[in-house]
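Presented sequentially are two complexes of chain A, the first with chain B as partner and the second with chain C.
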Partner chain A sequence: MKRRDWWVIGSYVVVGVFLLWVLVPIVTVALNSLKSPQDIFSSTPQLVFTPTGDNYGKVLGELSFQTFLVNSTIVALGSTLLSIVVGVPAAYALARLPVRGREWWAWLILFTRMVPAVALVVPMFVIFQRLQLLGTYTALVAAHTTFNLPIVIWMMRSFFEELPRDLEEAAQVDGTGRFGAFLRVALPLTSPGLAATGVLCLLFSWNEFLFALVLSGRETQTVPIGVASFIGTVSVDWGGSSAAAVLAMIPVFVLGLAAQRFLVRGLTFGAVKG
Partner chain B sequence: MSRRSPRWPIALFTALTLTACGSTGGSSATGDPNAAPAQPGGPMGKFAGAKLVLSRWAGDPWTSGQKEAAAEWSAATGGTLDLDAVPYENLHDKQALTLSGAGGYDILYVHPSWFGEFAKAGHLAPIDGYLSDAKRNPSGFSADSYLPNVLAQGKYDGKQYCVPDFVSTTLLAYRKDVFEAAGIPAPKTLDDVAAAAAQLNGKDGMAGIAIPGKRAGAVADIMGSLLTAQDNWWYGADQKTTLDRAKAAKAVDFYVKAAKAAPSGVLNFHVDEAATAAAQGKAAMIISTTPSLQALEDPAKSATSGKWGYAPMQFTDGHPAGELIYWNWCVAANSPHKDAAYSFLQWYTSGAQQAKVALAAATAGATKDFYTNADVQAKLPFLTAMNDALTTSNPQPSLPSWPKAQDRIELAVQDAIQGKLTPDQAADAMVQAVQTTLGG
Partner chain C sequence: MRNKGLGHWMLAPALLLLLALIIGPLFYSAGLSAYSWNLTDIDLPKQFTGLANYTKLFGDPTVGTAVLNTVIYVVFAVGIELVLGFLVAAALFEMTKGRRLANAFILLPMIIAPVITALLWRYLLDPQFGLVAQLTGTSIGWFGDAQLALPALIAVDVWQWTPFVILILHAGMLSIGTEQFEAASIDGAGRPTIYRRIVIPAIVPQVMIVLLFRTMDTYRIFDTVFVLTKGGPGLSTETIGLYTYRTGFSYFDMGYAMALSIFILVTVVIISSVYIRLLRRREVLT
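Here is the complex of A and B:
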């Protein structure tokens, strides 16, 4: 066998092990969501069983899990949009404009992402309490924006820096202003990066637990709180939590598939500077 | 029992950052808190327009049952009662933050280990006046309706703040069929349990005994029962430690012997993992908290239902004992709906309502009439053993500083199970932990 063939076989083995490592827990959760408690708790794992929709019925009926999904959608979309609207111009400014001490500004912004969430949660609780915003979507969107904004600024700054300046300068020679060059030239050219950044922001917000726990009210609780709610003091509702986890994964999975083309291109877009 | 994770530093931040809001007092603006129930056995009072929020943990069968009770109370009184249910591991921090801030809760389900903290901080409203007011209670109902030793746990600085429910303890359950087949008599003492566990361990792929080993509260509960069975306790009325080193070592020694005959991974077993293992026929015995033991008899989850016998924990035959585990129902100090909140709590903790909860979820109430309910006695096969155990009991500690001691106690047990400490060394560590925590 040629040396290249060994490399191919080795690559398949590595990818196969990685896929098993990643997919087995997900498949287990998906199967458990369709099992009765007896099948879940049986001493030997049941691969052949009679599927039941009881867990989904309970999660969507008695526990109204769709409310958590709607809340997460509102918060994740709101936070992502706000982060992009504020962060993209800021990223462009740090990449292109003659901002004094811009590297310091950039590091300062990144520093806000380095502060542990637990250190921010109580001050934020106090702020939103005084603003009478506790338990509202606004509080959650604002909180999630604080950790999404640095991601947007740093990722988009790298994408803007990779663009040849000549393109924007040509647009300016043709009569558009700096803002026009940003809006009509730089932004469209970095759209794959923008999509990748948006997807990352959505994922961070969708999965965030701590701020959602402390700042949300009973009407605005998000998916991670809903999934964790199946863990009681003396029992864990494995079937219910599995069904909830599957429901929580579906929107993210669909989003990932839809944005796959952008993600692959976007995540490598700013990686190499010419 | 409790499932506890290491606390985030939120409690510390809360203490440093926030100041507790004072009581705003007040009561329901509309309705008549003294109105008699529309139907016999219904809740007292009319509270049209009052909107209450109840804070409790999510999950377990009790949450959905309580939603039904809240709906029933709302229909009978005209008020509305919403449940804010968050994961148990985060309940303390959510309650502490909310109470320290603008409030928002009217009724709180408070674990004994943080009752003292909330009462000391002024977050809870005294309810002595409600309990003694004949107009706020059904005929014949008063503080005397509760088990006195359990009700007393909701007192702080001489004032009654809470009413109890969710009474439980730790018990031994054993497979009658397995013991019979092996020719071993039903275990009476903990020495019998240790011997039987060693004898049955590994037989037919079954562990000798399942027991919680995870630092999540239940280990301390079982240690509490093992001390109580030796007429010893962590501390006395003066809150100075009374822990006897030799008795603590004896308790740890039993724990280590049991853990050696437990399913692998015992250090990661909380009550539910232990109960699941036993229910699936992977252990011949189990020591756990009574609410978790319901899993043994639930045909939907258990492959061994109907095969279990129950016994109190005792070192000496004829001297059963157990730690008294319970939860507190409290009214928030800054609730504007205290009348309505008491109406719900009185009704929900009454014997008739608690019987409904017991039939659905195998917990026990804290009123005297609960224990004479024939339906309940039939539903809870361990009720007799539980009653026996609680004849000699010590209540789960409710000192504000206790969670720290509890964590170190559980760590000492884990270290002994792993062989890092001898039972004597673990006992020394416990004595030191309790002394340090209590300042004794």
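Here is the complex of A and C:
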């Protein structure tokens, strides 16, 4: 065999081993969620077992995990919508319109990406307590907007900058004005990017833990709080918490794969086009 | 021009929201860090102590331990992720078929919530019924051992975030022009030479972006540590983010918690600025 072939074979081996490392923890939990306690608490891995839906029944029944799912959906949709409505026009302004101090504003928004959640959650807790908003959806939506809004602005700015300028100029000649050019030309042309941005916001909000831990109340706890409450308790219910984890992962996998092409751009704030 | 102010009108709501939600709370925090006050007596007048919380911070041995743990965590997690990520990205790059499919699976860990990731590993490394214990016949309590807890947390970070490194470095490799490789193969260069001369120099900007984002995010690590070890055993996995959280929401020492959160913020901004300056010099970030 040629040396080139060995490189290719070696590459498949490396990727294969890495995929195994990635998938084993996920598959293990997925299998646990379908196992009875006897099959989970065994000294050898039980690959052959009779699947049971008991864990899911319990999680969605007596543990009412769907409350967490509903709360997460409300908070994720709220913060995503707010971020898009406010962030998209701002992104367009930064990409295309004459704005005083444009670079300065762009850097301020980049700075917000550096602010650690823990630095915000302490003052936010005090502020929301004063405003009597602790434990409300409003507090969580506001907190999640602190990371989603900068992402929307930076991602959408990069999409708007990629549009050929002549299209919008042509629209202006037709008499629609600059806002019309934004609404009727730029926005439709970047709709795949906008969809991906929205999906990423939903994803980040869905996964967020610290703000939810501090700012949510009994009625508004999100999925990560629900899952965390299953771990580390005295009698750990492996089957139940595994079922909860699977229920939390399914929407994430659907959203993540839908936005796969833009995932890198979102995670790097538009710095890598991917 | 009739629409001269349009840009400002479109930008204003976003800037106001960012000011209200981020800049405002940060200033509030900086201001209140000059007071000594406990959450339990929120209605009592706060005692102004000036920089006392900050002098306390620099003399606090727990802060020293937490910073040291955090630095170890950052250096090892980011270092391993970079090396492993480069290896897998290069392997993907060499593959002739199945790249997209492999990519779809590789990205899964980084879109899972860190809390769920913690749960996966909590069960995988369980000393009695975890897969690792079952397969090796050992019973090591990874997260309960003062020597092993930090390495185990680093492994969890590597599992979750190496995919991020792979995707970025792989994207960088794909953007290299094919004519460069053709020229090199005409010269009879082998794979090692091609990587050393062409691939690695071409992906330097992507490597720096990886370093920036991974450093920034591992430095503030919270979720997995909170769920898996709560900083223990003892202080062996205490990180600066966790200590801040505990100071505020377990000890209710809000003035000190705010000083700690300002400390985290300032150090993150300093570290990031160094990276960003380097990136700008290479015109990666505009």
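Criterion: the second predicted complex is superposed on the first by the 232 of 274 C-alpha atoms of A that agree within 3 Å, B and C clash if a C-alpha of one lies under 4 Å from a C-alpha of the other, contacts with A are read in each partner's own complex, and residues count from 1 in each chain.
We take it that a contact is a pair of C-beta atoms (placed from the backbone, for glycine too) under 8 Å apart; a residue touches a chain by one contact, two chains touch by 3 or more.
None of the values given here were measured: they were computed from a predicted structure.
By the touch criterion defined above, A:Val126 reaches both chain B and chain C.
By the document's definition of touching, of the two partners only chain B reaches A:Gly217; chain C does not. When both complexes are overlaid on chain A, the residue A:Phe41 reaches chain B and chain C alike.
Touch criterion met: A:Ala228 reaches chain B and chain C at once. Of the two partner chains placed by the overlay, chain B and chain C both lie in contact with A:Val118. Shared-chain residue A:Tyr12: touches chain C; no touch with chain B. Shared-chain residue A:Asp237: touches chain B; no touch with chain C. The partner of chain A that touches more of its residues, comparing chain B with chain C, is C. The contact surfaces that chain B and chain C form on chain A in the two complexes overlap at residues 41-43, 118-119, 121-123, 125-126, 129, 213-214, 228, 230-232. On the side of chain C, the complex with chain A involves touching residues 2-4, 6-8, 10-11, 13-15, 17-18, 21-22, 25-26, 28-29, 32, 42, 84, 87-88, 90-96, 102-116, 118-124, 128-129, 131, 134-135, 159, 162-164, 167-168, 171-172, 190-191, 206, 209, 213, 216, 219-220, 222-223, 226-227, 241, 244-245, 248-249, 254, 257-258, 261-262, 264-265, 268-269, 272, 276, 279, 284-285. Listed in rising order, the residues of chain A touching chain C in the complex are 3-4, 7-8, 10-12, 14-15, 18-19, 21-26, 28-29, 32, 40-45, 86-87, 89-90, 92-94, 97-100, 105, 108-127, 129, 142-143, 145-146, 149-150, 153, 177-179, 182, 203, 206-210, 213-214, 223-224, 227-228, 230-232, 238, 241-242, 245, 248-249, 252-253, 255-257, 260, 263-264, 267-268, 271-274.
Residues 1-3, 8-10, 13-14, 17-18, 53, 57-64, 82-90, 93-94, 97, 101-102, 104, 271-272, 275-276, 279-282, 289, 291-292, 295, 300-303 of chain B are the ones touching chain A in the complex.
Interface of chain A with chain B (complex): residues 36-38, 41-43, 62-63, 118-119, 121-123, 125-126, 129, 132, 134-135, 213-214, 217-218, 221, 225, 228-237.
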